[in-house]
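So that you can tell them apart, the chains are marked A, B, C and D in the order they are listed, and the count of residues begins at 1 in each.
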Amino acid sequence: MNTPVITDTMNKDFVLAVEGLTVSFDGFKAVNDLSFYVDENEIRVIIGPNGAGKTTVLDLICGRTKATTGSIKFKDQELTRMKEHEIVRAGVGRKFQNPSIYEDLTVFENLEISYPKGRSVVGALTFRRDAPVKERVQEIAEMIFLADQLDQRAEYLSHGQKQWLEIGMLLIQDPELLMLDEPVAGMSVSERKKTAELLHTIIKNRSVIVIEHDMKFVEDIAHKVTVLHQGKILSEGPMAKVQADPKVIEVYLGH
Amino acid sequence: MTKTGRTFFLRPQDMIGIAILAILLLVVLPLTLDNFRLQFVGKYLTYAFVALGLVLCWGYAGILSLGQGVFFGLGGYCMAMFLKLEASSVENTKIQTTPGIPDFMDWNQITQLPWFWEPFHHLGFTIIAVLVVPAIFAFVVGFAMFKRRVGGVYFAIITQALAAILTILIVGQQGYTGGINGITDLRTLNGWDIRTDSAKTILYFVCVGLLLASILLAYFVKSSKLGRILVAMRDKEDRVRFSGYDVSNFKVFVFCLAASLSAIGGAMFTLQVGFMSPSFVGIVPSIEMVIYTAVGGRLSILGAIYGTLLVNWAKTSFSESFPELWLFGLGGLFIAVVLTFPNGIAGLYQTYVAPRLGPLFGGAAKRSDATPPAPPSSGHAPAAAE
Amino acid sequence: MSSNNDNSSRFSATRRKLLMGMAALPAVPLLAQTGLLTTPAHAQAPATADVNTTGLAVTDDEVTVGILHSVTGTMAISETGSVQAEKLAIDQINAAGGVLGRKIKYIQEDGASDWPTFAEKAKKLLVQDKVAAIFGCWTSASRKAVLPVVEQYNGMLYYPTFYEGLEQSKNVIYTGQEATQQILAGLDWVQETKGGKTFYLIGSDYIWPRTSMKIARKHIEGHLKDSKVVGEEYFPLGHTQFNSVINKIKLKKPDVIYAAVVGGSNVAFYKQLKAAGIDLSKQTLLTISVTEDEIDGIGGENIAGAYSCMKYFQSLDNPNNKEFVAAFKKMWGEKTVIGDVTQAAYLGPWLWKMTVEKAGSFDIDKIAEASPGIEFTKAPEGYVKIHKNHHLWSKTRVGQAQVDGQFKVVFETPDLIEPNPFPEGYQ
Amino acid sequence: MFSDYSLAELGSIFVMQGFAGLILFSVFVLMALGLAIIFGQMGVINMAHGEFMILGAYVTYFTSQFFLNFIPSLFNIYFFVAMILAFFASGALGMFIEWAMIRRLYKRPLDTLLATWGLSLILQQVYRSVFGPREVGVELPEWMMGSLPVTDMVEVQINGLFVMGLTIAITVAVAVLMYKSNWGKQVRAVVQNRVMAGAVGINTEKVDRYTFGLGCGIAGVAGSAFTMIGSTGPTSGQLYIVDTFLVVVFGGAQSLLGTIASAFTISQAQSTMEFFLSGSTAKVLTLLSVVIILMLRPQGLFVIKVRR
């Protein structure tokens, strides 16, 4: 794959432009000279075998891991130089692989904390639980099938419900770029179905990056698929094209 | 309850709890204890300010500081400097080589009041300094460390080292600080003799008043969204960060708040006890203050007050009757609290007493409001957090 | 809290001892001088209303005093000896008939090495127990905490430790030496006999060593011929690494190392000096912070040869002391050692008794007034006298540390030295 | 300050000062090694570390008394016996404490800190009640005190050499144990993935217990060695805590190398500053610089960059 010469003007069309991204841990390059672009409203699925660097890519975009070299541009903002919370405020939301929610708080409070208002110290002290907040929380709760559990402490939710709650916590922020790390992993069949349904509604009107192993699910939603292998892009394109790529078959089935 | 939201930041059972404490401190103890014992309680209550700060800082935000004595001391020293200057009027000190400066400066050949003592001639400045100086210090320390995501054990050790450094500094710079003897022989506050029994009784009530105000403040912080963010941070710091919050700012805030609260305690200590010395700044008092919080329940605002009173009462009565056993008692308390009742008295209350009282308060103590059963497992090494 | 109503057999033993001592040494009219015999013991004790006008805890046959030292905490090590000495003195006084015909009863409180506790306990002793005198405190910090209390409630404190001076109170009798008493004569001696011209000062970093060193420096530079200070250093309390400063000492080659290191640091300092090959039999070292108590922890072999400047050593060769050491060991065990402060603490109850009898009253004001001029000839250290500034006239001695942990007294000032807590020209 | 001295004198002093720095370095390593093993491998901060050291010192004291009273002819070598006894005494106590207390607290590092502080208070009072409140003077064989003259000016402390030798020996032994032995492999496996290590048949509880015991045992040996340079009393252990913890934290806690590098840096800084400045100032400056560096570089000197 040849990297085209990119200028700033060309960047404009992309929501996210990742270029020459490399990160090394003690010499081991977990992500190696990676470049890819995500369009507005595009749904991109990243697949690849274990240890291919999928989660690391998400970590790099959301600022959890600092890149060794390379650039990540989100709507012309250089994310590699920004702090995590700044990246979030710029409009990037991220769901972790294991449900990451606040177990000591109720579902309502979980969502309320994620509500994008009162994010400074003073703001948090003076934050009022007014009607718009309550309405919005109610709306999201209904969307994620938890309207009846609002007063429940989050630790008592089932695994699937926890995943939904985390998705809800992202939705309430209304991010322009949503990143989901294995959203259906560990779910029962019925939960999985409900989740797919949920994802279909929430991915509208925003760009989404999903890491997923479930090929049926991928086929279902992906506009474009990127296959990672040993920190590099092995193949990229529509699902059908990727599936036919001999290199991909080699990696997945070759051993 | 949560769904409807609260119009006021206190829940009914909180109000009852505060009222009971207020009655105990303002009515029951003054009526039942003689002056002498009441002044003991007054002194203990100054430590309760520190314990209260630790509930917010350690219990809620998961930041264990082993250097709260630093802030207690800074507050106490600010107040002591004011009182010492008042006690060192030119007439009182006319036998000195340089009259009008504190006696220990005169002994150390200092002939002019150091510049940083000058503003402590004014009570207004002193009161502001009591609150602000420790907060600034906490801000500098907290900002440097939390921005770089130092936490847990590392933060504890570093604050402990700070306590050691400050002690060495105060002891070493005796010309400016009074050295190991501290600042002693404090007499009047704006002309009002603070050594008399009546003054001490008034100071006791002032102390209780300030403590109750601080408790209300703590409840306000706890019940605000900031309080919930602190709990959230202790649980899943990354998630809070990825919800768009600058986590370090919140930690710095709560650390500074705890510092200011401790400093109020220190200032009240100086007023009630009549002196301040480096022995309240060091490592040992700082860790002892943590145990007050732990015994009371690290997540319970009122528990911290009871914990402080209880441990100190035990200390006084133990060391009067069985001096050799006291260290066993204190050491055992540390271990027992950690091993068997990590949420302290408040935890025991929630588990055994509250369910039975529940019907009385119309089921106010709901499970969702109760103290979480497991102790927070905060304190990860920053090596992993980079 | 404990009281002394248990050891009646010990009283009589002590008393027998005293009487025997008198019989054996008829040439030294000990008891007559102390007033033991001039005050008829159990006979016509003066009426309580006459001797106690301020409501102290004095009954017709008992007077209550307080003992206030740390029994727990870091200072307990040091203060134990003082408690023992005070109890011994009280027992002996009781065995000899008490004070104004009244037995002394003591209430002991624990300062717990914590200064506010000292202040609180002092207040308790004065306000609740109404004690007639307090024997107590050890560190300067504890005394500073207690001082406002005894002044406010008009008590009387007998303070045993040698200290930095710069203090004087109607309500305190200082039975240890203030700094100039301890320091000046020792420095004169070291120059005369050892020809010391260059001095290296080293101390723990707190008020007593710093004030002492200041006085020492003024004396060395202002009063000793051609002498100078070539180094002055302070280390935090509890410091354990002295190799760097020992190297500096080796570089400067001072004639005299002048040391005021205390506590755990003391042990480290002398062990490391020895290990560094500084032979104290060749290198003169004069310390003002090592008594027999400290040698216990340092180890005699590590400090043998060093000189210590104190007013009292256990090995003092005089009949008073022999008797005192014997009585002390009989009461507290053969292995106990007696340091300077322990002896000074022993003086407290005796001085108080004599003052009360001179004043004919337990009233604090009268005692404060009667104190100056009180002489105690039976003091283990020899003759002492209370100065009008409430410190003691006393001799200063230099002892050389021996391997067995005792000192060999090599010098003693011919006259009593006047206490001078606010020394002109030394501040 | 050097203008008054000849070049030879200055040279000798610098040699000796360098040696003093090395002694301090050895002391720091010896103090910190046991703590570093426990903290690095188990994430436990052992606030009672100083008290474990003092246990070793008391064992040494009693061994010396025993030899003096019963086999004075062998007094010259009692110290070696004492060190071995100190290792086993402190190690056994450590293993008991691990079993009774620490193993319940592995997921709560801050709580271990409080619990071990409580333990340190209890141990102090035990020492006070059993051995008396006073410091005891540990008598050393004559050959261990004093110094070897190298030149006219330069003298080398024998106890310094001894501490250095001991430090090297223990460090090498620990390194071999950790990185070469089968047991070391197990320890590192448990550190990296407790569940996995358990699944492949490593008795993780046993590994924890022995690791804790090893750390405490080394503390005991350190305490034994420090009878040569410091005091032995119920509260003497507290004199070491701040220095020890800073060395470990500054080293980054993940590797032995880090601890050694950190001990080296801090000891050289302190020893140099003590030489040019006065005692207290030097101490404050050393501690402050360590704290400030830690604030700027919280991960410590050495840390393995890990992928999360």
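Just so we're on the same page, contacts are C-beta pairs under 8 Å (C-beta built on N, C-alpha and C of every residue); 3 or more make two chains touch, one makes a residue touch a chain.
Because the structure is predicted, anything quoted here is derived from the model rather than measured.
**Student:** In this assembly, which chains make contact with chain C and also with chain D?
**Tutor:** In this structure, the chains that contact chain D and also chain C are B.
**Student:** When you take the mean of every protein CA atom shown, which chain's own CA mean is nearest to it?
**Tutor:** Taking the mean of C-alpha atoms per chain, the most central one is B.
**Student:** Mind checking the centre-to-centre distance between chain A and chain D? Centres are C-alpha means, answer in whole Å.
**Tutor:** So the centre of chain A lies 48 Å away from the centre of chain D.
**Student:** In whole angstrom, what separates the CA-based centres of chain B and chain C?
**Tutor:** Averaging C-alpha atoms per chain gives centres 39 Å apart.
**Student:** Calculate how many whole Å lie between the centre of chain A and the centre of chain C, each centre taken as the average of the chain's C-alpha atoms.
**Tutor:** Computed from C-alpha means, the inter-chain centre distance equals 76 Å.
**Student:** Give, as an integer number of Å, the spacing between the C-alpha centres of chain B and chain A.
**Tutor:** For chain A versus chain B, the centre distance works out to 43 Å.
**Student:** Name the residues of chain D that each touch 2 or more other chains.
**Tutor:** In chain D, residues 128, 280, 283, 304-306, 308 touch at least two other chains, as defined above.
**Student:** Can you tell me which residues of chain B touch two or more of the remaining chains?
**Tutor:** Residues 168, 172, 324, 327, 386 of chain B touch two or more partner chains.
**Student:** Please output the residue numbers of chain C that touch at least 2 other chains, ranges allowed.
**Tutor:** In chain C, 205, 234, 236 touch at least two other chains.
**Student:** Would you mind writing out the residues of chain D in touch with chain C in their complex?
**Tutor:** It is residues 5, 9, 13, 16-17, 20, 23-24, 27, 128, 133-139, 145-147, 149, 153, 155, 157-160, 228-233, 235-236, 238-240, 270-271, 274-275, 278-280, 282-283 of chain D that touch chain C.
**Student:** Would you mind writing out the residues of chain B in touch with chain A in their complex?
**Tutor:** 1-3, 5-6, 221, 224-226, 228-229, 231-232, 234-236, 238-247, 249-250, 253, 367-368, 372, 386
**Student:** Can you tell me which positions in chain A touch chain B when the two form their complex?
**Tutor:** 62, 64, 66, 83-85, 88-89, 93-94, 96, 100-106, 108-110, 112-114, 116, 118-121, 124-127, 129, 134, 150-153, 166, 169, 173
**Student:** Along chain C, where are the residues that touch chain B in the complex?
**Tutor:** That would be residues 1, 71-72, 109-110, 112, 114-117, 119-120, 123-124, 127-128, 139-141, 144-145, 147-148, 152, 166, 205-207, 210-211, 234, 236-237, 422, 427 of chain C.
**Student:** Under the definition above, what is the set of chain C residues touching chain D in their complex?
**Tutor:** It comes out as residues 74, 76-77, 80, 205, 232-236, 238-241, 243-248, 250-251, 264, 266-268, 271-272, 274-277, 293, 295-302.
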